[in-house]
Each structure stands twice: as C-alpha cells, then as structure tokens.
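Each of the next two complexes has subunit A plus one other chain: subunit B in the first, subunit C in the second.
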Partner chain A sequence: MSQTSIIQDFINRKSFIELDGRARAQSLFDEGTWKELTGPFDRIESPWLPMQGITPQSDDGCIVIKGKIGGSPAVAIAFEGAFQGGSVGEVSGAKMTAALDLATKDSEAGKPTAAILLLETGGVRLQEANLGLAAVAEVISSILALRQHAPVITIVAGTVGCFGGMSLAAGVSSYTIMTREARLGLNGPEVIEQESGIDEFDASDRALIWAIHGGAQRVGMGLADALVEDDANKIAAAVRGYVLAGLPAMHRSQQVDLYRDRIAALDTSKQIDPATLRQQWGTGGGR
Partner chain B sequence: MEQIKFDYPAAKRHILKKAHVGVVGSGDMEVLLEPSPAEGAHVFITTSVDGFRDTWKAVFDRFFSKFDGSVRIDINDAGATPGSVLLRLEQAVEVIEQ
Partner chain C sequence: MSMHVGLRGRAWFKALAGTDTAEAGDPNSVLATNAPLGKQTALFLCVVPNPKSRFPCVRDGQVGLEEAYALATHIRKAIAEDSDKPKHEKRPIIAVVDVKSQAYGRREETAGIFFAAAAAADAYASARMAGHPVISLVAGQAFSGGFLTHGYQANRILAFDDAGIVIHAMHKEAAAIITRRSVAELEKLGHEIAPMSYDVRDYAKLGLLFKLLHAEDPQNPTAAEITEVKQALAEAIDDARAGKTDLSSHLESDAAKKTRKAGIAARNALEAQWQTA
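Moving on to the complex of A and B:
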C-alpha cells in the first residue's frame, strides 16, 4: 500500500472511538433493522446519584439495541464511557442483565441471538457500591447462560478501556475485539499504583501501561482475539464475522488447566517483561 | 446539584418529534426534547454546578426568542458552558425539524 493511499484511508475512515456509546452500538447493525430498548425517554435513571448530589443520565449510561447483524438476530449493550467513567450501577447493570437474559430466552426458543458488549468502563460505580457488585455477578452468570447458545462478543475500543468487574465479563466472552488504543485489565493502573506503590506500577508511564494492558499486547498474548483499527466499518465487519462464526470450539475461560500450566511455567525469579510473555503465550492464542 | 425550572407560555407551535442529544460527561450535557404535554414550553434542568440560575435563564430567553415550539425540555448537565448549551439545544432542534 502506498503512502498516499494510507493517508487517504486514514482521512476517509470513520473513527469508532470518536462515536458516543449509542452511535457505536448503532453502527454494528444491518441498516434499518435495529431499535433501542429502554431508551432515554423511558427515563430509567439511577435513583442513587441525585441523593449524592450527582447529575444522573436518562439511560444511566447503558444503551441496549436489538436488531440484526449479517441477517442474524443480535443485541448490543453499550456503556457510555463519558458518563461516570462508564461505571456499572443498579440500573445499568439491570439493563445489561435483562438484555442478556432475553437473548438467552430467544436462543432457547430456537432463535439464537448473539450479544455484543461494548465495554468502556472502570467497573462498579462506587456511589452504588454493593448494587454494582451484585450487578457484575448477575451479568457474568447471564453471559455464561447465553454463551451456551450464541456467541457473546466484547468490544473494547477505548479510550476509557475496560477494567474492574466488567473486565471479568470480557474474560468470559466468546470473543474479544480490541483496538490498539484500548486497554483491558482487572485492576486499572492508578489502582495498582495506589495500592502497591509507584515502584510496582507507574500510572503516569503510558508506554508501560499500554505495553501491559494495551490491545496489541492483549491480542499478542492470546487474551483477546482480534486487533482491529479504529474504524467503524472494520469493527462492524469483525463483529459480523464472529456472529456468523457462531460459538468457538471452546471458550477461553474454560481452559483452566492450560492457563494454570502456563502460569506455573513462568520463571518468576526475574522480572517478566511484556515481550517475553507474548512470545511464550502468544502462539496458540489460548484456543 | 441544583434543579431549575422555566416556563415559556408564548411558545405554542405544535411539535411532533422527539430528540435526544449529548452525554452527561464533563463539560457536556444531555437534552431530551419532546412535544409538551401541557400548553407552552417547559424546561427542567438538573445541573451539577450550583448558583447559575440567571445564566441558564439568559440562555433559554435567547433560545426561545427564536424557537417557538411547544416542547418539554429536560437537561442533565455536567458543567456545560453557555455556548455548549446553546449548541446542544440547536442540535436537538435540528433533529426534530429534519
């Protein structure tokens, strides 16, 4: 590809990251097939945020859209990263769980319905602490129920990334799609630094953070499946591919022995660096 | 957090469509614009920044000097500047008048 055509592609590309949660979810569906469920005008807001002096959002930062992808039924559940860091509260968690359970119900009735999770989230909403934690447990059990029938596809596009309880949801998904800009991890860099000190993890060192949590490393290590450019058409095509592919032969989270053996085989006498880990784990990709 | 309400009884033009634009992110806000169930236009604001009632009033006085739709407007605001507020309102109007 010549330099001019790369530049042209870059200019003409429709960025996925620049879209808000709603537009991201809409961009995945076949044209004219989707509709939003419990949208903003249903006004199902968090009752807990105003009590703490925080402005709520009319959809609680969780967008649920039902439609068709490549002709197959699918539901997309998107977290809006700009609202309260995409955090999971009582309402947003309940919307996600209900959508996944309805997809399971349809799948059991003979209409396999894939779920696409667009996770831009720091995890549980601290203002709704226990309710958010309960929501994460429900979401994961709903994903485990659905993934027996239809694929659950997680997209982490950035720039918030996917951390905390929702990183577990990504972990139990059938497929995970990431961009180079995205990050995926259980504890976010600032949490690690706060808990274990700056010697353990320097949250201001962007090169270090992306070398560990970044999309290229996660896909390179086989902990995510596809590294896609920040391009709405390419991400939609990757999702379509996985919806049509159906279930993987085995889910990553079912391969407990494989990962136990891999961890046991690591030489912890010296500092393990991202490149080595990618070399050791990358081949085979956990499938 | 402060809640503010304004009424513009002179805005009587019948509106059919709904619009939702924006996100309650830092320096931004969401607008829900829909046909008013009552006579005239009614505005309900929930804002994270206290003490700017007069500024909100000035923004809406200016908005309703040009717009005459009988609408209900709900705003959830996370510190949008008056300029951003007007842009979001105009964006919502663009959606309903497409």
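Moving on to the complex of A and C:
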C-alpha cells in the first residue's frame, strides 16, 4: 500500500468510536431493517437518580435496536458511555435482560436471533447499587440462555472501555470484538490503585494500562476474538461475519481446565509481564 | 469491617458439610465437598481467606483467579456426573457466601480475572439451567464481583438477618469516593433508597431473597440453628426444583413488584414493542 492510499483510507474512514451508542448500534444493521425499541420518546427513566439530585436520561443510557444483520434477525443493545459512565442501573439492566430474553424466545421458536452488545461501561451504577448488581447477574444469565441458540457478540470499541460486572458479560459472550483503543478488565486502574495502592497499579501509567487491558493484548492473549480498526464499516463487517458463522464449537468460558492449568503455570512471585503472557497464551489456545 | 471476612463462611461450611479443609489440588481458599443434606447429597462450595495465597491480592478473602477456576471445576464435574440423571435427581449445589470482593490486583487483571469470574458464573448458571438447584447462603459479606463469581447465579438466595451481613456492589468507603459523598451521607441515603442500603433488611425489600434466617451468633452456629438452616436449604431446594431454571423468580415476589416497578415496566414495554418491530 502506498503512502497516498493510506492517507486516503484514513480520510475516508468513518470512525466508530466517534459515534454515540445509538449511532454505533444503528451502523451494524442492514439498511432500512432496524427499529429502536423503548427509545427516548418512551421516557422510561431511572426512578432512583432524581431522588439523588441527578438528571435521568429518557433511555437510561441503554439503546435497544432490532433488525437484520446480513439478512438474519438480530438485536443490538448499547450502553452509552457518555451517560453516567455507561453504568448499569435498574432500567438499563432490565432493557438489556429483556432484549436478550426476547431474542432467546424467538430463537427457541425457530427464528435464531443474534445479540450484539456494545459495552462502554464502568459497571454497576453505584446510585442504584444493589439493583445494578442484580441486573448484571440477570444479564449474564440471559446471555448464557441465548448463547445456546444464537451467537452473542460483544463489541468494546472505546473509549470508556468495559469494566466491572459487565466485563463478565463480555467474558461469557460467543465472540468479542475490540479496537486498539478499547480496554477490557474487571477492575479499572483507578479502583486498583485506590484499593491496593499505587505500587500495585499506577493508574496514571497509560502504557501499562493498555499493555494489560488494551484490545491488542486481549485479542493477542486469546480472551477476545477480533482486533478491528476504528472503522464503522470494518466493525459492521466483523459483526456480520460472526452472525453468519453462528455458534462457536465450544464457548471460551466453558474451557475451565485449559485456563485453570494456565493460571497454575504462572509465576506469581513478581508481576506478570503482559507481552510474555501473550506469547504463552496466544498460540494454540482458546477454541 | 473486614476483620471477620470468611470466618462465618468457614463456620457454616463446616457446620453443613462436616469439613473445612480444602481438597487436594485446590487452593486453600476454596472449600468444596459433597455431603448429605437431608436425604440428598449436595455439593457445598465456599471461598475463605488464605493468608498464604501465592496471589497477594486475595489473601483477605477476595475471590481471585484460582478461586474462580476451582469453583468452576467442581461445578462442571457435578454437572458431568449427573448429566444422565433426571432433573429431580440432579444434586443441589450450595454456595456458602462470605466474600470481601473480587481481587483488586495487577496480576489478576493481567491474567484476565474478568474471564475467570465469567467462567465461574457460567458454571453456576449452566448447573442451574441443567436442573441443579443452586442455592446461595449468604453467611457474611457478599460484595460485587466476588458475589457475581460465587453465588449470584443461584435460583434461590438465603441470608442471615444480622448486621454482619452485607450484600452490596461496593464497600462504603470506595462507594463514597466514587459517588463524591461522605460515608455518613451514603449511610443516610441508604435508609431512603433501598438499593443503596448496606442493611440486609433493606436488601430483602428488593425481592431477591428466598428467606431471611436468624442465628444468635452466626460465627458460632448452635446445633438447633444448624438444623433450622438445613431445613431452610431443603425448602429452597424443593422450591427451586418446582420452579423455572432461569432467574425469573427475581421479579416475581411482592417485594420485587414494588421496588423494581421501573425495571418491570421497561421489560413489559420492550416486550410489547418487540412483537411489532
């Protein structure tokens, strides 16, 4: 590829990360096939935020869109990172669980319906604490139910990343797509620094953060499946590919022995070097 | 508040399962054994502190990588062994829960603790979906990713009703920092807003509990209390066997219908619109 064509590609590229949650979800569907459900005009809001002097949002930061991808029925559920950090509340969690359950119902009735989760989230919304945590448990359960019939595809594109309870949702997905800008982990760097000290994790060390949580690392070590450029067309193509592929032979989160053995083989006397781990796990691993 | 983490879990595991030593091949932080419960045999699981763990950030009773995969291994073994049995004979799985949190460590993040936690939740949920009654007994703390990994996929959840029980998304000090409040303000809000409360009696208002239990000193169960808890577990098992294998029970109690009104409304609205989309 010549330098001019690289520059042209860059100029023509339609960034996915620059889209909000709604536009991201819309961009995945076949043209003219999608419809948003329980959208902002339905005004289904968090009852708990106004009680705490926080302005709610009319979609509670969760966008549900039903339509077709590559001709197949699909539903996309996006958490909007710009609203309350993409946090999971009672209503946003209920929307996601309900959409997954309806996809399962359709799948069981002979109409396999894939789900695409667009996760930009810090995890449980602490203003709704225990209802958020319960919602995460319910989301995980509903993903596992749908996953028996149709693929569940998670996209973590950035820049919020996917942390907290919802990282388990990514963990039980059939496929996970990430960009280099995206991050995926249970605990964010700030939380680790706060809980275990700056010697454990320096949350200002961006190189360290991306070396551990970044998309290239997660895909490289086999805990995510595709590293895609920040390009809406390429991400949509990757999603179509997985919808078409259907279910994997075995889901990654069922492969307990493989990963238990890998953990047993770790030297924990010092911090683990992410690049070495990627080499060790990246080959011959996963499914 | 972290002083007693794991002690109640260990005490109840021993009271119910008759042992409190880890199996060979497991980390010392994971207690797992098949033991009689009434006329049935149940798989009992518990995570306890292991001050000598080779992972420094789990030594106070957090759930880490080894804990998550060990739990998943035991559950998947039970699923496989019972795979030919009819649903009413699949063995109950009892999670005794007393966990401080997930591990907050760099080693854990590097090696993908999010995925280890997912594998454990997958195993618990897969057991439930296969027809195993999965029952959680919250004997102490049940925090955040620790609870998601160990216990929250249960069909039925039981908890003691005393001040030592805390079921929550994040401990008070950290939640206060993140929501930009003082601990005192957070505690005050908890009294007004049930999902934010650290009190198990408020948690009961969310409709997620099958039953609240009482023990005078949950760290030292008496023979009578053990009999009572076994009876309650048996009831929960029967109820789980008679019910669905998903988590729909979360929304069916009167408490849930009241407190989770908004979530139930969102669910109904989505269902109505789904049909016509």
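One rule holds in what follows: the second predicted complex is superposed on the first by the 284 of 287 C-alpha atoms of A that agree within 3 Å, B and C clash if a C-alpha of one lies under 4 Å from a C-alpha of the other, contacts with A are read in each partner's own complex, and residues count from 1 in each chain.
Everything below uses one rule, namely that a contact is a pair of C-beta atoms (placed from the backbone, for glycine too) under 8 Å apart; a residue touches a chain by one contact, two chains touch by 3 or more.
Since we're looking at a predicted model, the values are computed, not measured.
With both structures lined up on subunit A, is it a clash or a fit for subunit B and subunit C?
Overlaying the two structures gives subunit B and subunit C room side by side.
Tell me which partner A:F79 touches in the superposition: subunit B (first), subunit C (second), both or neither.
A:F79 contacts neither subunit B nor subunit C.
Considering only touches as defined above, state whether A:I212 meets subunit B (first), subunit C (second), both or neither.
Once the two structures are laid over each other on A, A:I212 reaches subunit C alone.
I want to verify the contact counts: of subunit B and subunit C, which reaches more residues of subunit A?
Counted on subunit A, the partner with more touching residues turns out to be C.
Go through the superposed model and pick first if A:Y242 touches only subunit B, second if only subunit C, both, or neither.
neither
When the shared chain A is used to line up the two structures, what angle, as a multiple of 10 degrees, is there at the CA centre of subunit A toward subunit B and subunit C?
Apex at subunit A; the opening toward subunit B and subunit C is 110 degrees.
Touch test for A:V136: subunit B only (first), subunit C only (second), both, or neither?
A:V136: touches subunit C, not subunit B.
Check the residue A:L126 against both partner chains and state whether it touches subunit B (first), subunit C (second), both, or neither.
Second partner only.
Considering only the touch criterion stated at the top, classify A:F16 as touching first (subunit B), second (subunit C), both, or neither.
In the superposition, A:F16 contacts neither subunit B nor subunit C.
With the two complexes overlaid on chain A, what is the closest approach of subunit B to subunit C, counting only CA atoms, in Å?
It comes out at 15 Å between the closest C-alpha atoms.
Going by the contact definition given at the top, which residues of subunit A touch subunit B in one complex and subunit C in the other?
Common to the two interfaces on subunit A: nothing.
Which of the residues in subunit A come into contact with subunit C in the complex?
So the residues of subunit A touching subunit C come out as 35, 37-38, 42, 44-48, 51-52, 60, 64, 66-67, 90-91, 93-95, 97-99, 102, 124, 126-138, 140-142, 144-145, 164-165, 167-172, 184-187, 191-192, 194-196, 200-201, 212-213, 218, 221, 223, 251-257, 259-260, 262-264, 266, 268-269, 271-272, 274, 277.
Going by the contact rule at the top, pick out the subunit A residues touching subunit B in the complex.
20-21, 39-41, 50, 53-58, 61, 80, 82-84
For the complex, which residues does subunit B have touching subunit A?
Where subunit B meets subunit A, its residues are 1, 18, 20, 23-26, 28, 30, 32, 34, 46-48, 74, 76-78.
Taking the complex as given, what residues does subunit C use to touch subunit A?
The contact residues of subunit C facing subunit A are 54-57, 65-66, 69-70, 72-73, 76, 102, 104-119, 121-123, 125-126, 128-129, 144-145, 147-149, 152-153, 167-170, 174-175, 177-179, 189, 192-197, 203, 206, 208, 246-247, 250, 259-267, 269-271, 273-274, 277.
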